[in-house]
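Quick one: the structure is below, questions incoming.
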Amino acid sequence: MRKEVLTLAFARAVFVEFLSTLIFVFIGLGSALKWPSALPSILQIALAFGLAIGSLVQAFGHISGAHINPAVTIAFLVGNQISFPRALLYVLAQLAGAIAGAGILYGVTPANTRGNLAVNAVSARPCSSASSSALPPPPPPPPEPSVFWVGPILGACLASLLYFYVLVPYCMALSDRLAILRGTYEPEDDWEEQREERKKSMELTPP
Amino acid sequence: MRKEVLTLAFARAVFVEFLSTLIFVFIGLGSALKWPSALPSILQIALAFGLAIGSLVQAFGHISGAHINPAVTIAFLVGNQISFPRALLYVLAQLAGAIAGAGILYGVTPANTRGNLAVNAVSARPCSSASSSALPPPPPPPPEPSVFWVGPILGACLASLLYFYVLVPYCMALSDRLAILRGTYEPEDDWEEQREERKKSMELTPP
Amino acid sequence: MRKEVLTLAFARAVFVEFLSTLIFVFIGLGSALKWPSALPSILQIALAFGLAIGSLVQAFGHISGAHINPAVTIAFLVGNQISFPRALLYVLAQLAGAIAGAGILYGVTPANTRGNLAVNAVSARPCSSASSSALPPPPPPPPEPSVFWVGPILGACLASLLYFYVLVPYCMALSDRLAILRGTYEPEDDWEEQREERKKSMELTPP
Amino acid sequence: MRKEVLTLAFARAVFVEFLSTLIFVFIGLGSALKWPSALPSILQIALAFGLAIGSLVQAFGHISGAHINPAVTIAFLVGNQISFPRALLYVLAQLAGAIAGAGILYGVTPANTRGNLAVNAVSARPCSSASSSALPPPPPPPPEPSVFWVGPILGACLASLLYFYVLVPYCMALSDRLAILRGTYEPEDDWEEQREERKKSMELTPP
C-alpha cells in the first residue's frame, strides 16, 4: 500500500482528477444555465457534456486515466483495475473538484442566470448526465438525491463486472489481484503485459 | 459447424449482440419520443442514433463485430465473412435485444410521452434509421412493415456483394468458403492473414 | 498511358468515384430539401454534407482516393499526383454520379418537397457546398452557374500548387513527373516511397 | 538564433500560421454574422469554431504546429517548447492573418449583415472563443478589449507551466533550455527523442 501512494505519479494523478472534474463540472453546468440571450437546447447541452469529457480524457487520460466520475472510479476498483487507496483518493479529488467547479461557476455568473438552474442542478441532480435533462418535470415529490448516487455507481459496477470478468476476462492469481487492490503490485511489468494483451484483444478483427 | 459454435467466445459474441442491440434501441427510440419539455429535433435524433452506434461499435466491435442490425449480419453472411450458425444466432439475439430494449423503454417512460411515438415507431418502423423520420407523413395506407425488412436487407446484401466480390475481392478456394459458411474454418490462421491483407489494402494510399 | 488505365484497379476506382458522388449528392441535396414536417436548419444541412463526405472517404478512400468532386480531381492533377487519363475519367464518373444521384432523389421525393429546392439547387448551384446555403437570397440577376465551376476549381488548384510545390514539396525528375501525368509511372515503387516519406513528414511533431 | 530562423522550413511555418489564422478568423467570424435568412444558433457558431480549428490543426499541424492563436504561441514559449524568434514571428503572422481574414470577410459580406456583428466582434472581442457569445449582454461600460488579451494569454501560460513543468516534466540542462529559447538548439536529435518519449508517456495506459 505504501509503494504506489508515495510516488510522484500518484500525486499527479490525484491532482489531475481534481482538475479535470473541476473543468468538467464548470463546462457542463455552465452549458445548462438559463442564459437570457438564448436558452440552450438539449442538443447543445448534450454536446457540451460529451465533447468536454472527450477532450478531458484525451488531454488527461495518460496521466490519471481521466475517470472524472466517482462511479467510474468505483467500477474500476470493482473490476480489479486500480488499488483501493487510488480509488479512495480519486473519489475525494473528484468530489472536491466538482464542488470547486460549481463554486467558480456560481461566482462568475450573474444572479438571475445562476439562481434558476445552477443551484437546482447542483442540489437535485449532482451526478446526472446531460441526457437526463430530457426527463419530464419530476412529480411533486422530487427524486431523492440518492438516485444520482446509487444509480450510476450500481450501473457502472455491473458493467465493470460484466466486462472484466465475463466478456474480456484475464487469468490472474488471487495474490496478484489482492496486490493490485492494495497498490503494492509491481506496475511496470504487469500493466505492460496486460496492456499489450488487451490492446491485441481490442483490435477490431472479424470474430 | 460444431467447432465455432461451442466456443466461449461465440457465446460471448451472441450475448454482446443482444446487449448492444438492446442499448441501441433503448437510446435510439428514447431519443425520438415526444418529450413534453422539448420536442427533439431531427438533428438531435439523428445524432443520438449515429453516436450511439458509433460508441457501441467502439466498445463491442472487438467481441462480436457489433453488427447490431439483422441486415448487417445477413450482408456479412452473403459476403462470406461469417458462418451460418453465427448469422442465425446473431439475428435472433438482435431481435431479442431490440424487443427487450423497447420493452424497458416502455416501462420507464410516462404514458403520455410513450403513447404517441414509441409504440408507433416500434410497430411501423422497426428497422428504420433516424433519417427516415424526415419523411413526410405517410399516405393514408401506411407503408407495409415489410418495407423496413426487405429494403435494408436487400440493400445491405447488394452492398456486401459489391464490396467483397467486386471492389475488394480476395481469392479463396470453394472448400474454404464453404468451411467459413459452416463455421468449421480454422479461424486463427485464416483471419489473421485476411486481416493483415485487408488492413494493408485499406490504408489510405494514393491510387 | 496504357499501363494504368487497363488495370482492374483503375476500373474499380472510376466506378467508386461514380458511386460515391451519387451517394454524396443524394444525401447532400436530400438533406437540403424543404421537407414539410420540419424545415432543415443550416446546421443540419452542413452536418449532413460533412458527415457524408467523411464517411465516404473512410469507406472508399482506399480504392479511388474518394475525390467525389471535380475540383479535387483537377487539383490533384495540377499537383502532379494523378495521371491525366485518371483525372479525365474521374471527372466524367463524378458528373455521371451526381446526375444519377440527383435523378434518383427526384424520383423518390414527393412533388411538393422536390419542386422547391432540389431543382433549384441542381440548376443554380451544382458544385456549391452546404455552407453556401447560408448566403443571403441572391440579387435579382442570379449568379451565373459558372461561378460554381470556376470558383471551386480555381481555389482547389491554387491550394494544390501551394501545398505540393511550396509547403510540402518533394524532388522528382521531370521525366518522372511526366510519367505520372501519362499514367505510365511504375506505381508500386514510387507510391510506396512517397507514401512513407509523406507519412513521416505528416506526423504531428513539434516544429 | 541564426540557425533556425534562416531555414526554409521556418519561413513555411510562419506563412502557415498566417494562412491558418486567416482561414480560422474568416470561418469563425463569418459563422457568427447576423445572416438575414437564418440567425445562426450558438451551437452552430460553436461547432463552426471547433471544427474549423480541428481541421486546420489536422491540415497544417505538421508544418507549423498550427497554433493559430497568440495565447497558444506564448504558452509554448513559456513552456520552453519553441524559440523566441519563432514565437515572435508566429504572433506577428497570426495578427496579420487575423486582420486579413477579417478584412476579406468585410469585403465579401453585404453591408446589412456585416455592419451589425462582424465589426462589433472584431472591435470588442478579438480573441474570444465562440462560447463567449453565450454571455449575457455586457453591462453599460463594455469590457475592456484588454480582457481578451490578458485572459487567454494568462490562462494559456498557466496551463503550459502546469503541464510542462509539473504534470509531464522532462529533465534538460539549462544550457539546452536556453538553446531552445534562442533557436540554436539542434532540432533533429532533440525533438526526435522528446517526441518518442512524449508519445510513449501519452499512450492511454492504465495508471
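Each chain carries a letter (A, B, C and D) given by its place in the written order, and its residues are counted from 1.
The working rule: contacts are C-beta pairs under 8 Å (C-beta built on N, C-alpha and C of every residue); 3 or more make two chains touch, one makes a residue touch a chain.
Here's who's who by UniProt: A, B, C, D = Aquaporin-5.
Please read these numbers as outputs of a predicted model, since none were measured by experiment.
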item	value
Labels of chains that are neighbours to chain B (Aquaporin-5) and to chain C (Aquaporin-5)	none
Interface composition of copies chain C (Aquaporin-5) and chain D (Aquaporin-5): same or different, split at half	different
Whole-Å separation of chain centres (CA-atom averages), chain A (Aquaporin-5) against chain C (Aquaporin-5)	42
Inter-chain centre distance, chain A (Aquaporin-5) versus chain B (Aquaporin-5) - centres from mean C-alpha coordinates, in Å	30
Multi-chain contact residues (two or more partners), chain A (Aquaporin-5)	41, 43
Set of all touching chain pairs, with the criterion as stated earlier	A-B, A-D, B-C, C-D
Chain A (Aquaporin-5) residues touching chain B (Aquaporin-5) - in the complex, by the definition given at the top	41-43, 46, 50, 134-137, 166-168, 201-207
Contacting residues of chain A (Aquaporin-5) [partner chain D (Aquaporin-5), same complex]	9-10, 12-13, 15-16, 35-38, 40-41, 43-44, 47, 51, 61-65, 81-82, 86, 110, 113, 191, 194-195
